[in-house]
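The same subunit A turns up in both complexes below, where it pairs with subunit B and then with subunit C.
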Partner chain A sequence: MKLTTTLVVSSAMALATGFANAADMADEMTIVSWGGAYTDSQQNAYHTPYSEMTGVDIINDASSNEAVAKLRAMNEAGNVTWDVVDVVAADAMRLCDEGLALEIDFDTQLAAAPDGTSATDDFGDLLVSDCFIPQIVYSTTFGYRTDMVGDTPPTDICAVFDLETYPGKRSLEKRPINNMEWALLCDGVAKADVYDVLETPEGQERALAKLDTIKDSVIWWSAGADTPQLLADEEVIMGSTYNGRLFSLIEEQNQPVAMLWDAQVYDLDGWIIPAGLSPEREARALDYIMFATDTQRLADQAKYISYGPARASSAPLVGKHAELGIDMAPHMPTDPNNAKNTFLYNYEFWADYRDDIDAKFQAWLAK
Partner chain B sequence: MSDTTNSGPVLAADGTPLKRSLARALRTQKLRALALVAPLLIFVLITFLAPIADMLFRSVENDIVRKTLPKTVAALSTWDPNSGELPDEAVYAALADDLKVAVAEKDHTKLGSRLNYELTGASSLFRKSGRKVKKWDLETDGPFKEKFIELHEGWGELPIWQTIKIYSPKYTSGYFLNAVDLKKGLDGIESRPENEQIYWLLFKRTMFMSMVITISCIMLGYPVAWILANLPMRTSNLLMILVLLPFWTSLLVRTSAWKVMLQQQGVINDTLVWLGLVGDADRLTMINNQFGTIVAMTHILLPFMILPMYSVMQTIPETYLRAAKSLGATNWTAFWRVYFPQSVPGIGAGSILVFILSIGYYITPEIVGGNTGTFISNRIAFHISSSLNWGLGAALGAILLLVVLLLYWAYDQIVGIDNVKLGG
Partner chain C sequence: MAALTPISRTPVSFYIPVVALAGAVAGLLVGTSQGSSFIGVVIGAISMSLIAFGMTHVSSPEKTLRWALLIAFAVAGYLFAKLPGLVIGTAFGWFFGWFTYWLYEGRYRARLAPYLTPNQVLWHFTFRVICGVIFGFLITPILVVLPLSFNAEDFFTFTPEMLRFDPAGYSLKHYRDFLTNEDWQSSLRNSLMIAPMATLLSVSFGTLAAIGLSQQHMPFRRAIMAVLISPMIVPLIISAAGMYFFYSRVGLQGTYFGVVLAHAALGIPFVIITVTATLVGFDNSLVRAAANMGANPVTTFFRVQMPLILPGVISGGLFAFITSFDEVVVVLFVGSAGQKTLPWQMFTGLREQISPTILAVATILVIVSICLLTVVELLRRRSERLRGMSPS
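And now, the complex of A and B:
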């Protein structure tokens, strides 16, 4: 009994200090993320402190948008070269389903909050998959040009479908997810019923019919940088994108653009560890994850980019932007003022309906 | 007389028949030649042919159902999917048995994703069932039919069983059928619902737009190639750099440049508005549609047309044209009857290059294509990298490959492939 306790305590200490059993861990790791400002924020908040603490070399790879396909190919080839991968929650679910990601025991493999709250409780509902460690909450929302909307700036998501009050082009993502939900909301479906309606073929037709009313005025984007560019060029009057992109457009580039915080869709981004790593690399990856997803580190990332930390305990620690010196809290999608009317993305629904609705959406789009 | 003396085989100096000796010498030569090309041959085999073969194989391979649910598939063999009745308890028991194994291997969710391409909802059906079945005891927890239906209503409905039955063989034509807007039904092949039909449209569009791009390249490239071929060497070299310069610029940069040029607040529209040719309110839409894709791709592929044309035209002696004119031909006749036929091999080579490059083009249509200017390759990319439906992606790719081979064959029949020249 005593021996077991000693073992547990010592291994816990070893894990906590990181370098005690460093001999059993790889001293180099490849972390895959989205590149750009996002990877920079992770470099500052996670990678650099971790490297300083452990002496591990961290290599950044900006392949997250193709992570699912590449991980599958690597797995088939039996040569996984990535150690930790940053993906959105839907992709994480897919990877978990395909057996390409490691299942995580959240309470033992992640740090507890400073006040002792277990990781499971601290992340709460955001633990949407057994393989996925949430990192940030982002939202897909609309930005509009303040100089093109006249005296009545839009406050309602349905402004997107209102061509009379807000004539001009708008940009939407070239996929059904989010657009179908917004279309139904603006077609009079109550927020709670959206997915029930969208389950039925009639509901899908209804959403597409609503989108059809603005089809000629839409520019479809596939890269997150498209909408900010289109807004800056005055090509569109409003457009959807990730809130962090709009933040940098508004605060860093000082464009006459404002955020439309209504029915923005919450989504999660976080880490997975690929399945099939060698024990040393897996141990290193787990050690990194333990460090990078603790309360302080998640709050630190918010200094560099306007995405909300996924832990409840991190929210009070969010401070000012590292360079601009402005308070970051009001720019977070999780801020109470911004989160008055939000929409929670239904992962289970889209995992089931993605193939079917995507086929219909693309067929509608191509016509 | 001479017949009798010469009837034996001709002998070489060492006494072996000359024929055999020659064959041996040739064989050594051939082997040496083969050894010389071997590095390239092996490289091509490993990096090019093997992946293509593997991709073609994926478009029919469907082992996952049989491998994950072997007992269920066997038990289902006696069930009639058209009967309108659910399978019997034996099948459900077999399913419980199979799922138990699959969950331990984490294969059930893979199967769920696979079947979800055919039946919406299969993904969560298997994911949820896996979690529960894990805790079942196969010996004591039966009968399983009620248990499964209680677990998820999907198991009490016909579609999932029909889908498992239809997709139980090791090989399937399902992906190929899907790629041409058909599907496997209970009574054979049926058409997909109209609001899901997209691939046939995209194939037609890809062919049509590639054709238009090829023709635009010929129209624009021919005069340029002619000028290049007929100017003094020093000037033509200088102009050649102008042709090659965009060729050396990044594809993304050139595509994005077209965005800046063509968009509604772009250079061309601004100029037209400034000139008063169009009103500020009705600026032209020239991008995010077919027009934008054709313009950008014509520009990007133009060098592939000009270069082979140029090298063929360079070899046509100027004297032919002069001779034709001195014999009384007009400028047009001299060009059309004498010059043009000799330049056809260059057009052929350029057209094949441009056409084949453009039907497989992906990045430019993705950026400037909007919704009416996208190609089939954009859907292939989607299925490979996003939906992970590699079987369907492979089937679409295989069809595209087949179309190219068919067109190549047609070209050979009409123009003749010997008539294609990349130079000299």
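And now, the complex of A and C:
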């Protein structure tokens, strides 16, 4: 009898203290990201300092790939278990439209730059959605094996479509986005007209026809780690992937690979806070976001991975790689030398045409 | 085993084509790796039949010729591809020396019953070849993983250093990563906490259910059996989605207990099936005899029934354990990041960064599984021997 009483009292006390803390801010949070080197960079730049400062326990979940589907399911089940989610801008827009992400007031809920510039001005054009706090600019671009291209390393994107000069397999992402633009560009369409042409069924046919010329030499990838593996295996002569993956392949794994920055496509990656959190968890998530997206923290992340910080004020603070000690600035997709010819992921276009072109692309793939 | 049948030398028209066939297969393997399977087949068939013909038509003793062939192949292999070539060449040289004389002297016939027709002899060896091929097909993926896990680089690639057997191409760094990386260690801990608990629940419930369902007077036996077995038949993703929504409502989603329950539900069918199978051979008059001597049902169960069906319970429990330990779909739904199990970590690791740490983990798991199965098998034999169920 005595034991039972002790148990009841102690669990009641545990509950009471739990509530006392919770009334303020939650002391544990689950942060969802992409896993691998990317999560490591966030761990070093954001999570560890934040935990040290506040004592909050941060649990990493590498589920960003299925974030949209899972957030929908959580919302339906009325049980949102994620506190902060790292997604690409296009996913953030969908989540925002569906009411699954919290709208952010950028000027009051994000830190201003050290010189007093408001967050809205500091992020500038990169604020593409009301729910989305940009974190990094990354690009999808090509890497090629230096020992397989002979004496004439490729300098422009059309090398991908040039099977005579560069015979061998190439790896492309298994989706129309980016591939269609590159195909049209190399089929003689001016850069300014690419999306006008791609709007029309004829233009879509034209892009697929161009891709058809190399279809037999393409290995299609769906995970960012595929192309580095294929390049290291000498399975492909060149392949597209995220620039950070290629940086790691070249500088950390010392593989004979070089970057082909031409016609790289910028995209944004950043945070959203799921809608439907309890007030204390929401307060904690907002507090974390305020900390993790300030000027210094964004610049810190670039020490661990070669993605460009989304704030203008962070760019001058980008230093050397934390372990390799090399200057990170020349490896940023936004570096002037790398950014001579670039695209920005066209969110409006692909929001309108994605389903349609996806269907055609998949049908073409299956042919 | 002593020879059953007197043997005699076979004619040229028999052993040369068979050796040529084996040569063609070997040539196919070598040729494919060198870029042209057709040329490999032709060269393999012709050269091996010539060598076989030569060996059986010179007067040197068999032993000398076989050693000569082995050394010649080994040297040729070494010149062709250094150390790996040496290994493959030696293997081929030994095999073809043995194979030629095995056929030529008629030794293949020695251990078979004398009354077998040629067709039966052919089938006897074809059957063994087919079994060998199936075995190879099943085991090769696992064998490939083992050396790759010692890769010094961060890719799933046999580097030139590895193929040259250069020690610099090998390292234990992926094992070190597994043992020191917090992600892997916490997922290992989670797996080791979830799987035994789920096994315990599966075994208790599954055994009770199997005993109940094997009672003749139990109503709706088939229907209940079908329901209990269904987690094995329904696609996993359906069960997982259903569990996700149900567990979310009742507050079990994302908890340790929720994952244990879900895994127990998946493990129960295995226990029911294995225990039901052992109960078929169980003599119910033993239960009546125990009752007759005054034992209550619980005592009867633990003293009479349980020891006799124990092999079924253990193998069911083993299946339940492996199901939980291997499971990735349900835990992705029902678990949260705090319950990340080993397969989950392997799954995300494979998708996000193809790291050989996964292979190191796979190797460790394969070795643990082999040890586990060996121990269980030894225990089973021991208990059978003790109870005098087996003549050995």
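By definition in this document, the second predicted complex is superposed on the first by the 344 of 367 C-alpha atoms of A that agree within 3 Å, B and C clash if a C-alpha of one lies under 4 Å from a C-alpha of the other, contacts with A are read in each partner's own complex, and residues count from 1 in each chain.
Quick note on the criterion: a contact is a pair of C-beta atoms (placed from the backbone, for glycine too) under 8 Å apart; a residue touches a chain by one contact, two chains touch by 3 or more.
Keep in mind it's a predicted model, so treat the numbers as computed, not measured.
With the C-alpha superposition on subunit A as described, subunit C and subunit B clash in the combined arrangement.
In the superposition on chain A, contact is made by A:366 with subunit B only, not with subunit C. Of the two partner chains, subunit C is the only one that A:59 touches; subunit B does not reach it. Between subunit B and subunit C, B contacts the larger number of subunit A residues. When both complexes are overlaid on chain A, the residue A:253 reaches subunit C alone and has no touch with subunit B. In the superposed model, A:121 lies in contact with neither subunit B nor subunit C. In the overlay built on the shared chain, the residue A:205 is in contact with subunit B alone; subunit C does not reach it. Residue contacts after overlaying the shared chain place A:233 against subunit B and subunit C alike.
Legend: residue contacts after superposition of the two complexes on their common chain; A:352 is shown touching subunit B, with no touch to subunit C. Applying the stated contact rule after C-alpha superposition, one finds that A:187 touches neither subunit B nor subunit C. According to the touch criterion, the shared surface of subunit A, contacted by subunit B in one complex and subunit C in the other, consists of residues 65, 233.
Partner subunit B is touched in their complex by these residues of subunit A: 65-66, 68-69, 72, 94, 96-99, 169, 174, 205, 208, 215, 219-220, 222, 233-235, 348, 351-356, 358-360, 362-367. Put simply, subunit C touches subunit A in their complex at residues 153-157, 183, 241, 244-245, 248-249, 253-254, 336-338, 340, 348-349, 351-354. Across the complex, subunit C is touched by residues 30, 32, 34-38, 59-63, 65, 73-74, 76-79, 81, 223-226, 228-229, 232-233, 253 of subunit A. Residues of subunit B that touch subunit A in their complex: 106-107, 109-110, 112-113, 116-117, 120-124, 127, 195-198, 201-202, 205, 263-265, 288, 366, 370-372, 374, 379, 384-389.
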